[in-house]
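Okay, so chain A shows up in both of these, paired with chain B first and chain C after.
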Partner chain A sequence: MVSIEDYGEFETAWCPGCGNFGILKAIKQALVNLGRSPHEVLVASGIGQSSKTPHYLNCNSFNGLHGRSLPPATGAKIANHELTVIAVTGDGDCYGEGGNHFLHTVRRNPDITMIVHDNQIYGLTKGQASPTSEIGMKTKVQTHGVFNMPLNPLSLAISLDCSFVARGYAGKVSHLTSLIEKAIEHKGLSLVDVLQPCVSFNKLNTFKWYSERVYEMDDTGYELNDRVRAFEKSMEWGEKIPLGVFYVNEKPCFEDYLDVLKSGPLYRNPPATEKVNDLIDSFI
Partner chain B sequence: MTPENKLDKSKMVVVEGSYAVAHAVKVCRPNVISAYPITPQTHIVEDLSQFMADGEIPNCEYINVESEFSALSALVGSSAAGARCYSATTSQGLELMHEVLFNVSGMRLPVVMTIANRAVSAPISIWNDHQDAISQRDTGWIQIYAENIQEISDMTAQAYKIAEDKDILMPAMTCMDGFILSHVYEPVVLLEQDLTDEFLPAYEPENILDPKNPLSFGAFADPNYYTEFRYLQEQAMQKALKKIEDVANEFYDVYGRYYGGLIDEYRTDDADIIIMAMGSIVGTIKDVIDKLRDRNVKVGLLKVRSFRPFPVEAITNVLKDAKVVVVLDKNISLGLNEGALFTETKSSLYNTDIRVPVVGYMIGHGGRDIKIDTIEKIIDEATEVMKTGIKIESQFTDVKEELI
Partner chain C sequence: MATQLVKGNTAAVIGALYAGCDCYFGYPITPASEILQEASKYFPKLGRKFVQAESEEAAINMVYGAASTGHRVMTASSGPGISLKQEGVSYMAGAELPCVIVDIMRAGPGLGNIGPEQGDYNQVVKGGGHGNYKNIVLAPNSVQEMCDFVIKGFELAFKYRNPVVVLADGVLGQMVESLQFPEVSEKPEIDTEWAVSGTAETRENLITSIFLDFNQLEEFNYKIQEKYDLIEEQEVDCDEYMTEDANIILVSYGISSRICKSAVDQARKEGIKVGLFRPKTLFPFPKEELKTIADSKECTFVSVEMSNGQMLEDIKLAIECSRPTELVYRMGGNLITMDQVLDSIRKIAGEE
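Here is the complex of A and B:
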C-alpha cells in the first residue's frame, strides 16, 4: 500500500500561503489514490517556483532548464514507457519560454501528464507579467499595464486536439486531486492547467478573486470529445470560470507509433550487437 | 601612464549597481530596449522600465518578450533599421541567445548588452562566475569586464562609442559580476547626461533597412564570399584594440574617470609576481597586494578589461619582466583543465622571447567565496614556482575533498 508519507514531507522555499502547496498536496494524493509507488513515478520540471515541485516529492525527479520541462519528460517516457511521467511547469515556463515545446508536445501526444501551475505571473523572478497575465495588470516591467492579449491555454490545446484538457484550482484540492488522477490515467498527453494564487506578486488574481469566480462544470449530458463545445467552454473567462475536464479525445499516443517499444522499455533492451555484427559481416 | 581617477565626491550618490547601469543606459539615449527577466539581471530591466514609465527615456521603445531568444532577435530587427539598441541578460539567458549572438555580429549590428555574470546549469546556480560570457567568446562580440559599479556604469557609454564606430561596427557585452556588483550599493557618480551628450555622438549608421534605399541583411554567402565576412569581422576586432584605448582616454578627458583601456595595472612596475584576473575579484587582489607589499613581496596585478578583442600586445608588455605569472579564472574549459584567460595568456607568450612560467587557478565557480587567505596562498605557491619551477600548471582552487 502506498501512503502519502512515502512521498515525503520537505521544507519548501515557497511563500506561506502560496497556491503551490495545494497543488503539491493534490499531486501526492492522486498518486497515492492510484497506488503508484514513488519509484514508478518521474516528476520533471523546468525553472520557476512551480518547477521546484520535484524537490518536494520523494520520487524520481528531474529539474532542467527554463521552458524545457516537456522535451526531457518525453525523452524519459520513450526510454522507459513504464514510468508514470508528470511534467510540472509554470505559465511562463510552459506557455512563454517553452511555448514552442508545448505546441509540438501536444501534437506528438506522448503519454505524459502536464500540470501547469498557472499563477498568471512570473513568480520566481519576482512578479513580471506572464503569457496568461490579465490585460491591464501592472508590474515593475509592465509599468503601464499588460496590453498583450493573454494566451488561453485550454483553447489553444483544444485547437491542437490535445487528447485531455482540464482546469483545476489550487484552492479546491480534492477536486484537483480527481482531475490529476484522471489525467494520469488518460493515455496520451493530458493538460491540467491549475489556477494558482501567487500571494506575493499577483495582487489581482488572489484566492478571493478565484474563489468568487470558479465553479465545477457539470460534466454530464454531453460528449467529452465534442471539440466545438469544449472550445466554446474554454473561452468562458471572467465573472465565471469553469473548472473540470473540458475535452477528451482517445487516440493513439506517440509511443504507439514506436515499434521498438513493443518488446519493452528501451532501457531494458540489450544492444543488438550480434545482429549488427552479422549485418556488417554480410557486406565484407 | 595611468591617469588619475578624478571622482567628484559632490556628485556621488549611493545606489545599487543595477540602478547605476540602468541610469547609464538611459543617458546613452537608446531607441529600443528588449529583455527578458532573469536573476541577477532583473533589477536593471525593472529600473529601465520605471524610467520608461516616468517618460525619462524619450524616443525609445521597450519590447517585452517571452524569451531571451526573442529579445535579442527583436533587437536584430531594430538595429538593422537604425536604432540604438540595448539588452541585458545572464547565464541561461545568454546561452539561449547563442545563435542570435552570431547573427548580430555577422550583420555588424552594434548592439550593447550588459551581462550580470552568473554560473550556468546544471547544477542550478544563481551565483557569480564567468562561464556564461566566456562560453560566448567566439561569437564576435566585444567583451569588457568591470571591477566595480562605477566602471560598469561608465563602460556603457564607452561600449556604444566603440561598437558604433564606423571602423568597428561590432556588438559589445559589458560584464559585471552578478550580485557582487549588480545587487550591491556603493557610492558612485551616475553617468552624467550633459557629459554623455558631449562624449557619445548620436548613432548614425550608414547601412540600414530603409524603403528609400533597399538593402538585404543576412543574405546567403556561398563559399566564394563567406571567408571575407569572417576576415572583416576579425579586422574590426583588431581595430577595436586601439579604439578601446582611445575611447577610455576620451572618456577620461570628458568625465575625468579612468579604469584602464584594454588592461589596467596595479603595482606591476618592479613586480616579480604578476596576478592576472577580470571583474570584481580585482578589488580583493589589490587589497592582498597592498598587504604583501608591506612584507616586501614584489607582487602586482594585471587587470584584463577587454577579453575580446584579446589584448595580446598589452598583456605581453606587462608580463615580459615578471618572474612568474598567476592567472585566475572564474571559468573552465572542460577537457583542458584550464580557464580561458590562462590558456590565452599562455598562447600570447608562445613564439615570443619572453620566458616566464605561467600558472593557472580556476576559482570562484558558482559563486564560491574568494577569500583574502586563498589569494595569499596562491601567491605563496607562486613564490615557490619562482624558486623551483612549475609543479602544477593549472588547478582548481578550494575543491572540498570531503564532497567528492
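Here is the complex of A and C:
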C-alpha cells in the first residue's frame, strides 16, 4: 500500500498561504489513490515557483530550464514509457517562455500529465504580469495596467485537439485530486490548468476572488468529445468560472507510434550492437 | 548636478535615459529584474517604448527589429537569459546593428543560483553566438559606472554599429551607492545612411546578415575583423593602481576589482609591492598595456575573478606567457574576500 508519507514532507520556499500547497497536496493524494509508488513516478518541471514542486516530492524528479518542462518530460517518457510522467509548470513558464513547447507537445500527444499552476502572475521574480494576467491588473512593471489580452489555456488546448483538458482550483483540493487522477489515468497528453492564488504578488485574483466565482461542473451538458461545445464552454470566464473536465478525445498517443517501445521500455532493451555491425556490413 | 543613492540596476536605466535610449525590451530574471521594472516606470513617462516580452528570445529579437530602424535600443538579463539571447546577438553582429545589453551575472552553469559570479566572461567576451564576431564589452565596478558605461555603450554601439554588453554582476546590480547624474541628455538622430525607417530616404537601405555567396560572406567577415582591429586600437580602457613599482600585479574587473584595491592598500602597509590592473573594457582587452608591464620588469600576474580562470587565459595571451601567473577565484555565488587575495599576495611575496 502506498501512503502519503511515502511522498515525503519537505520544508518549502513558498510563502505561507500559497495556493501551491493545495496543488502539492492534491498531486500526492491522487498518486496515492491510484496506488502509484514513488519509484513509478517522474515529476518534471521548468522554472518558477510552481517548478519547485519536484523538490518537495519524494519520487523521481527533474527540474530543468525555464519554459521547458515538457521536452525533458517527453524524453523521459520515451526512455521509460512505463513511468507515470507529470510535468509541473506555471502560467509564465508554460504559456510564456515555453509556449512553443506547449503547442507542439499537444500536437505530439505523449502520455504525460501537465499540471499548470496558473496564478496569473510571475511569483519567482516578484510580481510581473504573466500571459494569463487580467486586463487592467497593475504590477510593478505594468504600472498602467495590463493591456495584452490574457491567454486562455483551455481554449488554446481544445483548439489544438489536446486529448484531455481540465481546470481545477487550488482552493478545492479534493476536486483537484479527482481531476489529477483522471488526467493521470487518461492515455495521452492531459492538461490540468489549476487556478492558484498568489498571496504575495497577485492582489486581484485572491482566494476570495476565485472562491466567489468558481463552480464545479456536474455535467457539461455535452459529450466530452464535442470539441465545439467544449471550446464554447472554455470561454466562460468572469462572474462564473467553471471547474472540471472540459474535453476528452481518446486517440493514439505518441508512444503508440514508436515501434521500438513495443518490446518494453528502452532501459530493458539495450541497443543491439550486433544489429549495428550487420548494418555497417551492408555498406561494405 | 543631482546626486542620489540608487541601486546599480536603476543606474543602468538612468544611463539609458540620458543616452537617448527610447526602446526597452525585457523579460524578468533575478538579479536583473529591477532594470525591467525601472524601465517600465520611466520609459513611458518620457514617451519612450517599453515591452515586457514573453521570453528572452522574443526580447532580443524585438531589440533586433527596433535597432534596424536606427533607434537606441536596450535589453538586460542575467546568465541563463543572456545564453538565450545569443542567437539574436549573433544576427545583430552579422547585420552590424547597435544595441546595449546589460548582463547582471549570476552563478552557473545551468540554473545555478542568484548569487554574483563572473562566469559569463567567455560567453560575452568571446562572442557567445555563432560566427566570427565580437561584442564590445564594458565592465563597470561601481553604481556610477553602471550609469556611465551604459551611456558610453550607446556611443560605442553607434560609432561601430556593433552590439555592446555592459558586463556587471549580482552585487553591482543590487548594491546602492551614490550616483552623480549625467550633465547632458543625449538627443540622438537617426542615421539615415544605414537605418531602415520606412521613408523614401532610407528606401535603399538593407539590414541583413545573409550572404549566400561564399566569397561575399568572407569579404564581409574580413570587413568586420577590420572593425574589431580598429576597436582594439582605439577603445581600450583600463585603470592602473600602484602598479609602477609593483612586482605583483593583480588583474581584476568589476566588483572583484574593488576588493583587490583594498587588498593592495593592506598589502602595501605590510611593505609588499603590489598593484592593481583593472580592465574597464574586456573586449577590447588591454593587451598592450599588460604586455608593457610584463616587458618592463620581473613580476607575477594574479587574475582575481569570480570564475574559473576565464580571464586568466586572456592575461596569459596578452603577456605571451612571459611571466608567472596565478589565479585567485571563487565561484557558485560567493564573493572573493580581501583575506583570500591577501593570502595569495603574501604567499607570492614570500616566495620571491
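Assorted remarks:
FYI, the second predicted complex is superposed on the first by the 279 of 284 C-alpha atoms of A that agree within 3 Å, B and C clash if a C-alpha of one lies under 4 Å from a C-alpha of the other, contacts with A are read in each partner's own complex, and residues count from 1 in each chain.
Following the convention adopted for this analysis, a residue touches a chain if its C-beta (ideal position, glycine included) is under 8 Å from a C-beta of that chain, and two chains touch if they have at least 3 such contacts.
Since this is a predicted model, take the numbers as computed values, not measurements.
With chain A as the common reference, the superposed partners chain B and chain C clash. Of the two partner chains placed by superposition, chain B and chain C are both touched by A:128. Shared interface residues of chain A, touching chain B in one complex and chain C in the other, are 47, 63, 65-67, 96-97, 99, 122, 124-126, 128-129, 131, 140-144.
Within the complex formed with chain A, the residues of chain C that make contact are 27-30, 33, 36-37, 40-41, 44, 52, 54-56, 80, 111.
Chain A contributes residues 47, 63, 65-67, 96-97, 99, 122, 124-126, 128-129, 131, 140-144 to its touches with chain C in the complex.
Listing the residues of chain B that touch chain A in their complex gives 36-39, 42, 45-46, 49-50, 52-53, 64, 66-67, 92, 121-122, 124.
Within the complex formed with chain B, the chain A residues making contact are 47, 63-67, 96-97, 99, 122, 124-126, 128-129, 131, 140-144, 148.
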